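Some structures are shown below for you to check.
Consider the two complexes below, in which chain A is the common component and chain B and chain C are the respective partners.
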Partner chain A sequence: MVSRPWQRLSPAGRVLLPLGVVAGGLGVVFLGGVSSGILPNLWSWVYEALSDNLPLLRFVVAATAVLLFTVPTAFVIIYLEMKVIALQNLRLGPNRQGPWGVLASTLHGFKVLAKEDFTPTGADVPVFTLAPVVVYLASVMSFLVIPFAPGLFAQDMNLALLYFFAVGGLGVVGLMMAGWSSFNKYSLLGALRAAAQIISYEIPLTLSVVGVVMLAGTLSLNTIVHQQSGSFLDWYVFRQPLAAVIFFIAATAEGNRTPFDLTEADSEIVAGFATEYSGMRFGFFFFAEYVNVFILSALTVTLFLGGWNAPLDLTPVWQALGAHPGAIDLGGLGVGLLIALLVVPPILTVLLALPFWMLFTRLRFWQALGIGFLCFNALVGAAVLIWAAFSFDAVMGLLWFLGKTYVFVVIFVWMRATLPRVRIDQLMGFAWKWLLPASLANLFVTALAILVIAQVRG
Partner chain B sequence: MSFVPGLGILKGMALTFRNMLRLKPTVQYPEEVYPVAPRHRGRLLLLYDEAGALKCETCFQCAQACPIECIDMGGVDTRDRYHIHWGPAEQYGERREESALRRSGRPVPDATATPFEPIDTAALDVILADEAYDPRHMLAILGRTQEAYGYLPVAALKHISHATGAWYAEVYGTATFYDQLRMAPAGAHVLAICLCPSCTFRGAGRVLAAAEAAASTALGGSSPEGAVRLEATACHGASPAAVFVTLDGAVQAEPTAKGITDLVTRLRAGHAPVGRA
Partner chain C sequence: MTAPETKVRSLDDPTMFVDTPATIYDAIPPYPPRTEREAEFYTLRDGEMLINIGPQHPSTHGVLRVVLKIDGERIVDLDPVLGYLHRGVEKICENSDWHMVISHCDPLEYIASMFSEYVPVLAAEKLLDVTVPRRADYIRVLACELNRISSHALFMGWLALDLGGITPILYGFLERDEIVEMLAALTGQRLLFNYMRIGGVNGDLNHEFMSRLGDWMSHALRRIEDSMTLINSNEIFVGRTRGLGRIDRQTALRMCLTGPPLRATGIPYDVRRAHPYSVYPELEFEIPTREEGDSYARYLLHLDEIKQSVHIIDQVLHRIPDGPIMAKLPRLLRPRPGRAWAAIESPRGQYGVYAMSDGTDQPFRLRIHDPSFFNLQSVGLLSPGHLIADIMAIMASLDPIMGGVDK
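Coming up: the complex of A and B.
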């Protein structure tokens, strides 16, 4: 079957061939296992072992899911950054790799993977190697407590907020490790700057949240989101506006984003602590930065903008329009459902392919069929998504949560396209002279208000 | 204007947001091409830097690319003498070629290379007056000039151009286009072959090929030793049955490939080169 030598295979072939071999092997093992009765016995044993250790299983699955979720998130945000900043600079931005250049950031990722991974002479190799891992891990572990939707979260800790800030602070350790182990005084200086900045802004960041914590009476992010359910007037941003502003500004500094991106100010100091890094280790620092952008946006949304709650309860409107769970009962079609499953996809594919085939004379029919198939999938995907959104609270909540979060991501990007970088003394002065007193004042005023209201209500 | 904290930031954000929605002026070059008139060559402009120094480095690339050699580079030396720069010889040698120089009107450095011999234009003036100096009669003028001088000297063409007002290029083009017009004196004998459709049908092509092979030249040229000159002529329907071939104006009785080959060979053999044993 494999008549072509390995070197003559195309890159796609070099991926597909081993996958095919693996799939074939697994199929043989599966058939053999099922027919000989080993596999069912093994499966029941595995099932019992897993159900005995459900919390552990839940953690492993959640950690894996979160780890897998960060990669496309980072790619999407990097693409957004490239495209939005380009558009705001009156450029076109990436537009060659895929439609509207959507694959640009993914290909950047592959490029970084393919680059040489260089360790400088004299570097502290274990620390040098571990530093990007620690930075990335800090970002990924922060994900574990963020509630994405009702019932869709990795861990519902009652110390979630504390955990978040503790693990987020771990990132500084990674930066210091990177700067120290690089055997480069400029890297060390960059790391010190980064540490000074992040630790300084950690204080107003944490203090601004304390007001929300006092109002909510809990550190659990899940509970905080639940307390903001109802209309958008119940969101904490209206009860803690100053805290929201301080939190957002401090989050900008925490994530090393413009105008507080002195840590790696690309145009001035050569990436600061990451000077000596190359290849995928460097890539991990940047992945961590973009994951951080997502996390800080997500936390802003969770704390102040109601998390996965819709701004208004639109359920009556949908029900008036006839959209409720069970409005479409496909099971009622009976055998017709089977026939439709067989007949509708090819017909729709051809119908969607025809306009492309007729409009673009250079397309061959099978190419048009491919486009038609993609369109059909997009159409069906959208239909399924809409159906799922109206049928499951979790899907609707996830959509609201991601929508709000990406609004803040775009605001981060938008700020980067607009604002110039501040000076280091302005940066530190702003944190200690303005944000810290303001967050303290917010804290005291909130405490006073809680006491007064409790007294008045008796 | 009262001070509102953060107003500048908001103004900047509004500006970038408006920019995001604006139409982008980028032209995606290989896919879309900005409309340019086909004869557009751009505007020649010498740029100066902010210190007032000329930015041109006299790399001669523009002069090299210019199709009609209208770009030249010159300058003054330390004694205020003006020179035209010619660029590096190995790169721009073709610009020193005689034809390039003559075309661009620059002096030809080789003194022995005279462009044309002067002639007595009295006969030509008569012809020109007869044709009313009308450039539309160019073919008649040229034909009569060739009758008068035996061929078309360059000086005559210059004179015709001057007298009629037609560009020399047009006169020259006309003179070189027609096969019966020649710009060099004819050989000792002129063998003329008609190539009209009727003669071609009777085998003029074969006859011409045989004559060319025998005379070792192409139509319009002379045999190497100058004995025979091959030319085109017109039979005007005078020879319906055979190819119309004339030798020095006399119609040949045997206008076949073999006959013409014999004729040319005989003529060339009779024209013994001078000084040869």
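Coming up: the complex of A and C.
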């Protein structure tokens, strides 16, 4: 039978054999296409079609890149949250899956994928199925306008901020869909809480940003970041401190994070809108939450903390120290480069393996060599990263941006480990009685200051 | 969705059939109302909704089921449904001899089971007219006060957990874990100790217990106070518990509240002082009270009580005499025919047993008065008018143990 040889294949073989068949088939098609002249014609047609629709192509590529970027981001933040909360609770946290448990969240992701996807009786099936998609896409699409580094952004819109709030506000539609279609009273309560909370906090969130927009004179996030370049004193957090605080608080509520996590308050309404969800549909909600945490941190950094700008321009310092990393010309080494590429890796691998081999008697020599190889790769990777960071503005900017953003992510996690949850009436009262007047006052003072300064200067 | 035509059994009453599978999760019982109150409760007015909290819910501390009638987020009325953990302990006790009663009563108050096994022992000793050796009495007090601290530490974490704070419960569990390990060294068990015996205790103090106790005493109060500063004056925590579930003295007395909920209203009633037992008359300690009677006062009262318990343990360790740990008693106990009432101050209030003996080796009747049951009753009085989130804070601050409520 057909299945007999298939079963005798090793797992790797079962992957490689179909891949080989597919590759062979594609090769035959490719050769046939080239020889018959169909493929070049097709290629030129596709090329023309694509170059005619460059903005569309750019959008598709950007959206795909952003979609792919959210998954590792969510994994990293979930792991970070598990580990940081564990340390604050005096626990160990994940420590079994990979070194220091770093694979825990990834494996959680696979587990969620493999779980049964259960639709409860009485649920409104199309709405129930679509809700996680809406919530997840609303988070992902907000990514499109965030500038990660100079020249590294998905879409440069002049209405970026408006787009961000518009798309971010779509998430609540998904939450309402989930809560209403689940046929569960806990879900319904959670969804109604989500709607009330997110819509209420949308107002101070947006109003607090208006001050920044008035200072910057634009809604484009790229321009806002460019205007904060220079030292850290140029960041908007020093000109709009109240707005920064209001924005961060409102962002916490917007992302449904503790102490404003009423929508999924586990001690009251079990899991809120996600009560009836299981499997990957629940996974989408879960992912969306952590993607939201990243996005809100990123927006806080972009608006108030200079985005990808370094706090101080350190280039003169490096130059004074004699470091000219950008000036390394690898081609100038000639044959020496070839020899170095051949000789240095094995020697370094062995050198790095030696201490492990000598210190741990139970390690076999090949295990020590493996560790040495990994160390060598880590070393080379770090070296390349440092070189790239010093040579390219984009890499340096990305590092600064991610560093600042993860500081805020950790603050979100810290708050979750520390604070109890507020009550719904306290939540709404805080939004309408404190945040809204404060953000209006901030707006008024900012406008007045701009006018006065313009008068004095003009 | 297309509902299947077949009828399915109701979850509330398996002898009844309901129309659609979805309605088996409905809070409304499928049978006609049995009482006037039930008829009134299960009649919904405009905008009202019934929602089940429990029996499997993260914050009902066991298997309490409360049917809430809510209007939006506000609770209009509630109907507690008890009995999910009913094992008929009182009846089982009637068919087991006096020694077995101890282990049957053990899991009633499973967070602090030293107390629930102490009471039947005390009742049996009254019926038998036994004098317990003084060393045994001191060991009992020591074990009970340790268990009280472990129970209170857990309570404080739990209250915070029900309000959404996830860290304090782990600090509470750290404290509880040390004490429970200590008691495991003494008794051999971590949860259900089965340590009290009629006429004494099961084993003498041993080296491991004493060394663990010494370790713990060196940092006991400091660490509990330190870890609880995380929520003691936390704005959100105080904002959610202060003024919530306020009981005045008359209501508290009328509702038969005992323990911390009663003392939080300002009435210094503590069985250890009001009706002293064991060696408590010889020990110095205060009865902390608070005036406010709200959830926050109940929470802070637990911290004060932990301090007093540490004080008691300190005195016990200084005064504990040498001597036997068991009275001389026959293997088969046949108490005189008669009745005895014994009560102690458990972490949740006055824990009593009313025992009747007919002269055989088995109790004729053993009525267990569990404070959780009486404290829990006031939820119905306190909750209406509050929000759904508040019922968690009220329930957690009354600190019921469902093992004792359902018996």
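The rule is short, and it goes like this: the second predicted complex is superposed on the first by the 402 of 458 C-alpha atoms of A that agree within 3 Å, B and C clash if a C-alpha of one lies under 4 Å from a C-alpha of the other, contacts with A are read in each partner's own complex, and residues count from 1 in each chain.
What we mean here is this: a residue touches a chain if its C-beta (ideal position, glycine included) is under 8 Å from a C-beta of that chain, and two chains touch if they have at least 3 such contacts.
What you see is a predicted model, and the numbers here were worked out from it, not measured in a lab.
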Do chain B and chain C fit side by side on chain A after the overlay, or clash? clash
I want to verify the contact counts: of chain B and chain C, which reaches more residues of chain A? C
Taking the superposition on A as described, I'd like to know which of chain B and chain C A:Trp414 touches: first, second, both or neither. first
Contacts for A:Phe183 in the overlay, against chain B (first) and chain C (second): which applies, first, second, both or neither? second
Check the residue A:Leu87 against both partner chains and state whether it touches chain B (first), chain C (second), both, or neither. first
A:Pro316 contacts which: chain B (first), chain C (second), both, neither? neither
Where does A:Gln426 make contact in the superposed view: on chain B (first), on chain C (second), on both, or on neither? second
Identified clashing stretch of chain C versus chain B [325-333, 379-387 or 397-405]: 325-333
Which parts of chain A are in contact with chain B and also with chain C? 88-91, 417-419
Residues of chain B touching chain A in the complex: 9, 12-13, 15-17, 19-20, 22, 24-26, 28
Along chain C, where are the residues that touch chain A in the complex? 1, 3, 20-22, 49, 51, 57-59, 73, 160-167, 170-171, 174, 230-231, 234, 236-237, 239-240, 387-390, 392
Inside the complex, what are the residues of chain A that reach chain C? 85, 88-91, 121-125, 183, 185-186, 189, 193, 258-259, 261-262, 265-270, 416-426
Residue positions on chain A within touch of chain B in the complex are 84, 87-92, 95, 414-415, 417-419
